[in-house]
Amino acid sequence: MNLHEYQARDLLRAQGIAMPDGGVASTPEEAEAIARRLGGTVVVKAQVHAGGRGKAGGVKLAKNAAEAKEHAGRILGMQIKGLSVAKVLVVPAAEIASESYVGLIMDRETQRPVYMVSAAGGVDIEEVAARTPEKITRLPVDPVYGLLPHQALGLAFTLYQDIAQVRAAARLIQELWQVFTANGASLAEINPLVTTPDGQVLALDAKVVIDDNELDRRPDLAALRDESAEEPSEVAARQANLTFIKLDGNVGCVVNGAGLAMATMDLVKYYGGEPANFLDIGGSSNPEKVVNALRIITRDPNVKAILFNIFGGITRTDDVANGIVTATRQFDVGVPLVIRLTGTNEQEAVRILKDAGMTALNDMDEAVQKVVALSREAA
Amino acid sequence: MNLHEYQARDLLRAQGIAMPDGGVASTPEEAEAIARRLGGTVVVKAQVHAGGRGKAGGVKLAKNAAEAKEHAGRILGMQIKGLSVAKVLVVPAAEIASESYVGLIMDRETQRPVYMVSAAGGVDIEEVAARTPEKITRLPVDPVYGLLPHQALGLAFTLYQDIAQVRAAARLIQELWQVFTANGASLAEINPLVTTPDGQVLALDAKVVIDDNELDRRPDLAALRDESAEEPSEVAARQANLTFIKLDGNVGCVVNGAGLAMATMDLVKYYGGEPANFLDIGGSSNPEKVVNALRIITRDPNVKAILFNIFGGITRTDDVANGIVTATRQFDVGVPLVIRLTGTNEQEAVRILKDAGMTALNDMDEAVQKVVALSREAA
Amino acid sequence: MSIFVNAGTRLVVQGITGRDGSFHARQMMAYGTQVVAGVTPGKGGQTFEGRVPVFNTVADAVRETGANTSVIYVPPAGAAGAIYEAADAGIDLIVCITEGVPVLDMTRVMPYVRSRGARLIGPNCPGLITPGVSKVGIIPGNICAPGRVGLVSRSGTLTYEVVNQLTKNGIGQSTCVGIGGDPIIGTNFIDCLRAFEADAGTDAVVMMGEIGGTDEQNAAAFVKAHLTKPVVGFIAGQTAPKGRRMGHAGAIISGSSGTAEEKMQAFAAAGISVMKRPVDVVALLRDRLG
Amino acid sequence: MSIFVNAGTRLVVQGITGRDGSFHARQMMAYGTQVVAGVTPGKGGQTFEGRVPVFNTVADAVRETGANTSVIYVPPAGAAGAIYEAADAGIDLIVCITEGVPVLDMTRVMPYVRSRGARLIGPNCPGLITPGVSKVGIIPGNICAPGRVGLVSRSGTLTYEVVNQLTKNGIGQSTCVGIGGDPIIGTNFIDCLRAFEADAGTDAVVMMGEIGGTDEQNAAAFVKAHLTKPVVGFIAGQTAPKGRRMGHAGAIISGSSGTAEEKMQAFAAAGISVMKRPVDVVALLRDRLG
């Protein structure tokens, strides 16, 4: 789960990391009040889960509170990469002597959290990573011992010469480890980490991504989810315990299992169709889930045909059949359904569908070809 | 550093371990007030760093507050194994269905903290350990991973069958790990861990010993030291940064280094003398330390002669010689001194002593024989 | 012949009295797996289905029954603890079915498991099956058939789909292993490829990958360097958008890395026959096996 | 010949600009030890005594100078961290002089050091010396002489006392090792006995133990089983009271175990000649060496 910058800031500051004071505003007036409290020049920053905010006009300098209000008025409600801006962060504009990068990411290959630290921080860090990776120091951390003091110091020495700045950076690097582990992050990043002309070391911007698997045991973090920043159909799907991602095509897909769901989408594409979504009903499906899945997919006006691809292992295909029948009785699906079922309780499932006037296919390839053809006819 | 039972209780309760409520009293009236607050039958327990309190009459049942006051009056000021009782703990008398033992000690051999758990707890645990060690389950704990949940559960299953009691004990065993590591203990022990007739699991008595090396970084724990419960000469020595232990003999010993100090005492004994103390002036000695050492030793009226045994490595023997001369000018030592010095700056040291009318020996064996002879003449 | 599970597999089911654990324990018993013990703290002394003793701890189960393999069906909050327990009890092969185990837990679990010389499969995996001999996990036994093709996959139902194709077309399997879809897993493609290469009962390998990470690329390099047996491969997620978690915690394309295209190119470059559709597996295998 | 330190020892001094570190660095340089680097964070780039480069980190020191041995003179609060740093930097032999390191820190340090294949001596030890070749730590060089008797001891000045007896009587030493008086130490008696047994330059071993723990008893069993060379032993603390810490954190007699008597009996039973007085070392050695 991605956190907003202002949420990430809160987590970092709670661990003692030095970041400029600031505030989050939902209205121009709130932004004005924060700017007045802070005094001096401030930055007004759009809070959206999208990169390239600056280029999209979502980050503005304001010389005073009135200007902050004005900028906030323009940024709030703005669309950035399809996402609407509901909040802005207002922080003092810092004078910057140098910009560094400090990131901590969960690395699959080493099976450890890995620090990535570079004196060449700032907006171009991704280019640095791509073109001059030698400018980035990588340090995999023993997850049981955690980051040891000499390791934090060693990383800090790659950023600064001045021992006071080195020690400040080492402390901050150590605190970032706390942020990462205390919150079950898969990424915790400070960019830029700056020095000010008077020598202070400050974290100016932060990004934190929480491992979704942590949210069950961390309700405080789960509560940070900003559903206003998400696709409404995805919010509805999550509430129904479905894994759903909206796409731009017209073939709705209802599948059990993530791998099979992806393979189904790929096969739709292979046969010339365009999947409208990723949807995994999970292992222990019940008819209710199927009803919800159909309800969510049919809300998408692009969808011209829907494919069920169910390989029954734990999933009972008769449950799925019952769900389909229930859904078609509760509301008008409005588009053709192609149903492929095989595996556990297959015969019972076929009977249920037949009684309701529907037919089921047994072969995935055949079903995908059929749904693609139907979507084309309807388009 | 040994903690008193009431101090250990505080640490355990701070970690959430279930222990009966109670209070510590320095006067009979305070004990009475605590007993009244608790209601019912209470136990009044002497707080001294000595085993066998019960047999010495330092633990008494009181049926009501008046009786608690009476017992406290008798116990406070009592001498147990040479130590005076300054405080009593007043706790409710628990009804006991079973008594177990749970201990966690730092084990040199495995280089790990080791749990020792036995269903045969209570006052006879040492006998159990000696006679039927198979009744004690030992579990060395990985110091980096800490006690894992299944390990706590496995230990708890050796104590109880009832799953509710097992889970309660597992939680407590886990909390004891926190007590141990959060406080830098070398021992943390609950004896007895009881079940009550209604099935509750309760820690009735606790013992905690803190690793002396932790006290520098844990001023909160260092503040728990009860100097009233210590030998005054040892308190004075610690304040002077000397390692000192009072013994019953008549040959005072001033040595640099713990091993050499012990070997010196042993050699005194070998030649028929009785050492009056262990005293290590440490590595980087200064004259001040030597003065303090002599002051502390000469306060012991048993001391008939004093031996200096200094092997100068880091220790400069001229510093020691200066200290001896300074001390003899500041106060009357009153007993003969035998001085053995060798190593760093030995010639300078000999000159300093000679100028002050003293002589120095070079050989340890010879010096010890001489001081023993002097102590016999004086006795 | 087979890898990881065989006729000597003596299984303890951790969480045997739970909803999932009891269901799958019965399935495994019905398949013929030697389910020698179950574990549920507090239910020690009971008997499951009239013949499997239940113990309070895995250590008790190992001591009393000689179990050498465990399968874990406990909720995510207890999954890491269950793996530690199995490793501590001396279990050789630990199969963790549980989905949703925090990744941070897994970073700590892995060195522990390794230090005890155990192998972990999963978490978030369907387990493995040596058809006709022993099944550990949740792969439906009825879609498998004994044979000489090894299969290793990051997904569950997609595996069933492909196994089903194989069986329907008369191609049996030596062992099918679902290694799981999480970012950090106990056994990866290379571990399985090495085992299949060494297994005299395996003639060819089917490898089912997906988007996210670089495991498939590493596996491709391993195939090129070390495998003498033919390999047929598949990558799911060609149509997946970047930066989104496609169900599996491991299936996220970050930046330009971990894409299906990149992985399929790595496969092709390593001499792996790449399936365009799941149904292609049969033709490609027949082609490679001659 | 020698154990642990020799002509190839290239030493980095951790804490070289501190009070103790600078004093002993000079002593070691004067003795002839190859002090190739010092470390003090923030003082990287400086030079110590006009010829030893100072670095910010041990890793820098190792990379620039090829140091293979480190000696630690930092306060107790930083000692564990200094050991981790040395181990991480690839140092083979780490000698920690610091007294007062919390024991809990050491329980965590030890598996880390081992996992990196390093050897730790100490903490709370005087270090070691191969007379005439290299000294690492604080043992006064002038009391030692090159020769063929190995010495291992839990204490500092008591060691000097005995080494002094040897040297005065013309008995030189191969290596003298002070392993330290703490409950948890990196290198114990057995480690040293094994090394002395394997060292062609050592003909006999002097072992100086003290009360507390069971290291001496274990060492005695090891001597009986594995040593072909004669051993002479001493135990300090016959007159120590029970339950008190005799200066060294490790020198506490708990209950009836760890007493001097018990240890001396174990020595005698293992064929170790037991010194009654430090001065006895010469006669016993001469007796055993014939």
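Just so it is clear, A, B, C and D label the chains in written order, and each chain counts residues from 1 on its own.
Just so it is clear, a residue touches a chain if its C-beta (ideal position, glycine included) is under 8 Å from a C-beta of that chain, and two chains touch if they have at least 3 such contacts.
Just so it is clear, the structure is predicted and the values come from calculations on it, not from any experiment.
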Comparing the two chain pairs, does B-C have more C-beta contacts than A-B, or is it the other way round? B-C
Measuring centre to centre with C-alpha atoms, which chain is farthest from chain C? B
Mind checking the centre-to-centre distance between chain C and chain D? Centres are C-alpha means, answer in whole Å. 50
Averaging over Cα atoms per chain, report the distance between chain B and chain C in Å. 55
Between chain A and chain C, centroid-to-centroid distance (C-alpha), Å: 28
Sequence positions of chain A contacting 2 or more other chains: 144-145
Overlap residues in chain D, where contacts from two or more other chains coincide: 108
Mind pulling up the chain B residues that touch chain A in the complex? 144-145
Residue numbers on chain D that touch chain A, as the complex places them: 41-42, 44, 56-59, 78, 81-82, 84-85, 88, 108, 112
Complex contacts: residues of chain A adjacent to chain D: 145, 148-151, 153-154, 157, 163, 166
How about chain B: which of its residues touch chain D in the complex? 106, 108-109, 111-113, 126, 142-144, 181, 184, 186, 211-214, 216-217, 243, 245, 247, 255-263, 265-270, 275, 278, 280, 283-284, 311-315, 342-344, 364-365
Under the definition above, what is the set of chain D residues touching chain B in their complex? 20, 76-77, 99-104, 106-108, 110-111, 126, 138-140, 143, 153-161, 164, 181, 183-184, 208, 210-211, 213-215, 218, 234, 236-241, 244-251, 255, 260, 276-279
